[in-house]
Amino acid sequence: LSGCGSNNSSSTAAGSSKAADSSAAASAEDSSTSKELSGKISTGGSTSMEAVIGALQEAFAETYPDVDITYDPTGSGAGITGATEGSLDIGLSSRDLKEDETGVTGTKIALDGISIIVNKDNPITDLSLEDLARIATGEVKNWSELGGNDAEIVFVGREAGSGTRDGFESIVGVEDKCVYSEELTATGAVIAKVQSNPNAIGYASLSAVDESVKTLTIDKVAPSEETVQDGSYAIQRPFVFVTKDGAEQSDAVKTFIEFATSKDADELIRAAGAVPLA
Amino acid sequence: MKSKSRVLKNGLRTTFVYVAAAITMAVLVGIIGYVLYKGVPELSWQLITSVPSVTKKVDGIFPYILNTLYVILLSLLIVLPLGVGAAVYLTEYARNKHLIRVIEFTTETLAGIPSIIYGLVGMLVFCQMLGFQSSLLAGCLTLVVMTLPTIIRTTQESLKAVPVSYREGALGLGATKWHIVRTIVLPSSADGIITGCILAVGRIVGESAALLFTAGFGKIVADTIFEAYSRSGATLSVALYMTAFEEGKFDVAWAIAALLLVIVLIINLAARAVRAKTRKKNK
Amino acid sequence: MNMETGNPIIQTKGLTLHYGEFEALKGIDMDILSQEITAFIGPSGCGKSTFLKTLNRMQDLVPGVRIDGEVTFHGKDIFAKDVDVTWLRKKIGMVFQKANPFPMSIYDNIAYGPRLHSHIKKAQMDEIVENALRGAALWDEVKDRLKKSALGLSGGQQQRLCIARAMAVEPEVILMDEPTSALDPASTMKIEELMTHLKKKYTVIIVTHNMQQAARISDKCAFFLVGELVEMGPTDRVFSTPKDKRTEDYITGRFG
Amino acid sequence: MNMETGNPIIQTKGLTLHYGEFEALKGIDMDILSQEITAFIGPSGCGKSTFLKTLNRMQDLVPGVRIDGEVTFHGKDIFAKDVDVTWLRKKIGMVFQKANPFPMSIYDNIAYGPRLHSHIKKAQMDEIVENALRGAALWDEVKDRLKKSALGLSGGQQQRLCIARAMAVEPEVILMDEPTSALDPASTMKIEELMTHLKKKYTVIIVTHNMQQAARISDKCAFFLVGELVEMGPTDRVFSTPKDKRTEDYITGRFG
Amino acid sequence: MRVKHLIEKVMNSIFFICGMVAIACVVLITIYMLVSGLPAIFEIGPIDFLFGTEWKSTAADPSYGILPFILTSMWGTAGATLIGVPVGLLTAVFLAKIAPKKLAAPVSAAVELLAGIPSVVYGLVGMLVLVPAVAQAFELSNGACLLSAILVLSIMILPNIISVSVTALNAVPKEYEEASLALGATTSETYFKVSVPAAKSGIAAGIVLGIGRAVGEAMAVMMVAGNVANMPGIFKSVTFLTTAVSKEMSYASGLQREALFSIALVLFIFIMIINGVLGAVLKRGNKHEK
């Protein structure tokens, strides 16, 4: 039970190597056999993973048109619960499994940087992890204390239970200590908020951030595929497939997990804005 | 002649009325105008007919439109017989005054329950207990309960408006109750039932909180009707929530908002037309 | 007038009716002879309509009604368990004070009743409709607009349509509750004429406020007062030499 | 009766009124004398109510009305720019066909008018209410339930309440549009009695359908026909020797 | 004959069942709310739950006090009523009594449209237009606060209040108004001293209906209120009962999830009370008319 975390990484490693083989095999094989695969794969959970799942789903459907993949964006918590209860074939979580979440196995399929974003008009370009922590806990209240404008800091974040929030708070070390000015329930809402409020700072999935806001460098490191992959950009989290231990998996589910963890999926994951595993 | 304070009070009252009316109209014009101003330019045939795709980087709202239609269709299909049946029971069959009062009270109660509670109970009952998962079916069933009072009430009103003399006439010919209901009462109250449907459609189209927890957020065009109902799907309102607040695609969101506004407008006009027709007929 | 020709087709014995606590009919004994027109007269609220509606069990529908005593139709208790109410109402048709055609075509109004009771072919139905309309002296006026809504007819035409509709199910008795009170004199005339024709085939019972009308058309006349049947007999006799003082007072217009 | 005692308090000259295209009043000339009861009679639709409502400018409220000619009150044109309608209506009170007490307490009904026009202390208001109710012969019947809803009163009491309410603002003229037509004979009697008292203090104009009533209570009588004032004069004279053939026909019941 | 009776019986039962559906739904909803909501209340302790001022559902040492949500819902509803009712009522007077038909008809239609706009659209406009505007007007660093929620809610309840009040005002017998005018009242005096009081039970029903809607609204409020579990303050970022449930529900598990159902139960009880009041108001109004 305590080995849950290590369990994750080991299975991930195993999964990815195996997947590489089988997907290579699949593409080498006659496409008529692949068409025979059919069935339903129910996935659900993390909302941050929506784009990634969407991309995987679209590509998978091209090879296996008879496999029907569903996705419910109910949040990481619900994804893990769904997998545990067996109502989902694959639970989606944008955080590692916690110690008390037993009976399921997590398989990392990608990484996601958590970008720290501010309004475009904000002169600040870089923050240290410590500064970030001080902002989050409300220790620093004015941008001028960090060399910016004389304006109150508006710290916006996500609701309790969000994988993004969990990732941010645990890495920055401010769990349970954040003083939010506003809690929004979705990534897009955070970006919109930061875009419309000149004094706002927030965090959002790297995959979703666009030009409408400014992404800060953290300790001089900008989030990007490389920095996330090599770990030099600290604020990041995994995208995890959660499956129930000991449950009978259909061929379709197995093939999909293999496909998602294969090298073929990298391009798709990139297209969805996330970072493929190294 | 009028005292000064009386003149003043009169003036004040009148001013207040005009100011309030002006505020209301400003709000009306402001909201409707702003949504249309932001949304209409984004609305394109391309958007309406496309399926959104991450890999191809295509925005589209076609699945949402389709889902909305599916949800309307099945919900009405279930709620209509139930609601009309309940209304017929109340006006034609029920003899026990206490029972009638209890049913009417519960109907009022249903009408007052907020959608978030429908969402939760729908999730517990349909998605989890009955095992429908997040699916259009579960969403439809939740909406059935939500729109039941609307159908019951409008049908009941129009049933009451059917003259007793029609029923007496048919009874005098030896017709049974069900026959009278089928051949005379229901046909004469068709207008009211249609109005009820239109109002229900309005509620269904605008619903988001209840559907979010029960119907999920699929954006795929299903191959078969059966498949469509058995998997999750977003209606336009839910899609508006998701595209705006989850994906941050505000251009698409505004387009959906404008589309919704137009749909609501059409629904209202339809309801008005039916009402006007009924009024003319009653005269 | 042929007074004693018919046999009693409907008989009531000690018929008492309560609306809740209120006693609306107080032990009515009456014989109604077939092929006659019987008129019920009496001041408003005396129970004429109540009595009439009891005869074809339309009163069943009113909540809180209690009926005691006996009503027989062809000697058979109409309240017996095995009596089919729909059959009874087919046999004892009814026409109401306010003409109440259904909101459908003239044809469908007439066809409504026959369709209820048996499966009838189109050609046969056409015949039934025509006969009923002819019987109600309406055919010539409406034969070109059978498919038009019945609601487009004038008040008098509507009432005749209702009579035709009642006749189409081939009843033996037709009950009429003030059938002309909402009509103009010309339409009233037409319907009165019609009634005298009807009695060749049917037994007619009519409630009326109009003393002249009762005198003109009925064979028998029954005078009601606060739930009681005060007097009944051949119309001529009742109007010329009423036995009861109250009947006389009413007929001469001293109250009511 | 004292016929020529009063001075003209209201005068109309060539008063013409159109509802859109329809000419409802066709050049009415009339003098109404103070401290008299003037009755307007005429068949339905002849313009009595229209004329009455013009006198206190209640007609202003009807959209599409055009008024020509002159109406003076105490010699002053009531349509003049500087006339305050609320003052005019305070001076010329009105009682309607259907009793229309406000859905509030009896006390508040009476106090409504006075409160509008000036600020009155509680004790003084109590007095006003009592006087008005006494004036309308209602005090004894309601003095113990002043705080109860006026809607609980009987029809006749409600109408007297409306008269009391009109009196409470101290008008000079009271217009009454068929004030007793919806009442039973007993209540009508009470109100007729009341009116003869009223004329000691007020000028009363009453529209009535009831010829006997007009004869019983009015000093002057005006007969209208399709928007024209056919004849006006002392009531005795109009009823005994009408000058116009049409008046005679109407009074003797030949039409209307 | 037999067949006819059988059909009659069957149809009778079918309609009876349809009639029972509404009752069944209410019973089912009530049971589910109780069953899913009560356990957490007892686990947390009713006092701690209802009167606790701190909500930290995912903290290592979680606390589940929902007083901030309860108070925010009350404040928010009161505020929306305070703004929405006078504006709505006065607008209703305008539409029912003053406005020329040519103006009243389109405005009434637009009011109906306002009632039909989905809450998410209100949320969208609220977040992108209203919140920045509030921030600017009151020089706040962030406009997402109770005030913004109150404004959105007042607009959302406006159509309820207007349309019900217009109906009630139009139903006031003309005679009342004539009587008042004939006593020398001005039109405005007549409307406010006679028409509005005479329509008060209808208007009250509209207000209660509006309150019900305000208490139950989730999606629009979620976009503008800030959603932090603060005690209410007009310029503070706050969470309503509804948003407390909807915001965390998708991610919740364990006791947190159960506590969310408990919040929903509290909300449900609030709504039931409001419905009861509504029923009483309507019943009293009906009695009055008799």
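We just call them A, B, C, D and E in the order they show up, numbering each chain from 1.
Here is the rule we use: a contact is a pair of C-beta atoms (placed from the backbone, for glycine too) under 8 Å apart; a residue touches a chain by one contact, two chains touch by 3 or more.
The structure presented is a predicted model; accordingly, all values stated were derived computationally and were not measured.
> On C-alpha atoms alone, could you tell me the rotation angle mapping chain C onto chain D? Nearest 5 degrees is fine.
Best-fit rotation on C-alpha atoms: 175 degrees.
> Ranked by contacting C-beta pairs, which pair of chains comes out on top?
Greatest number of C-beta pairs in contact occurs for B-E.
> Roughly how far is chain C from chain E, going centre to centre by Cα mean, in whole Å?
55
> Go ahead and note the Å separation of the Cα centroids belonging to chain B and chain E.
Chain centroid spacing, chain B to chain E, equals 17 Å.
> Averaged over CA atoms, how far is the centre of chain B from the centre of chain D? Could you give it in whole Å?
The mean C-alpha positions of chain B and chain D differ by 53 Å.
> Between chain A and chain E, what is the separation of their C-alpha centroids in Å?
Those two chain centres are 37 Å apart.
> Which residues belonging to chain B are in contact with no fewer than two other chains?
In chain B, 176, 244-245, 250 touch at least two other chains.
> So which stretches of chain E touch two or more other chains?
4, 128, 186, 189, 223, 246, 250
> Considering chain C alone, which of its residues make contact with at least two other chains?
Those would be 86-87.
> How about chain E: which of its residues touch chain A in the complex?
56-61, 127-128, 131-132, 135, 141-144, 222-223, 226-228, 237, 239, 246-248, 250-253, 256-257
> Per the contact definition, I'd like the list of chain A residues that touch chain E in the complex.
Per the stated touch rule, the residues are 47, 73-78, 80-81, 151-154, 156, 159-163, 175-176, 180-185, 189, 192-193, 196-197, 199-200.
> In their complex, what parts of chain B are in touch with chain E?
Residue positions touching the partner: 10, 13-14, 16-21, 23-25, 27-29, 31-32, 34-35, 81-86, 88-90, 92-94, 99, 102-103, 105-110, 112-117, 119-121, 124-125, 145, 148-149, 152, 176-178, 181, 202, 205-209, 212-213, 237-238, 240-241, 244-245, 250, 253-254, 257, 260-261, 264-265, 267-268, 272.
> Can you name the residues of chain B that touch chain A in the complex?
Chain B residues touching chain A: 52-57, 128, 131, 133-134, 216-220, 227, 231-232, 242-250.
> Quick one: in the complex, what on chain E touches chain B?
4, 7-8, 11-12, 14-23, 25-26, 28-29, 32-33, 36, 86-91, 93-95, 98-99, 107, 109-114, 116-125, 128-129, 155, 158, 162, 186, 188-189, 191-192, 212, 215-219, 223, 242, 245-246, 249-250, 261, 264, 267-268, 271-272, 274-275, 278-279
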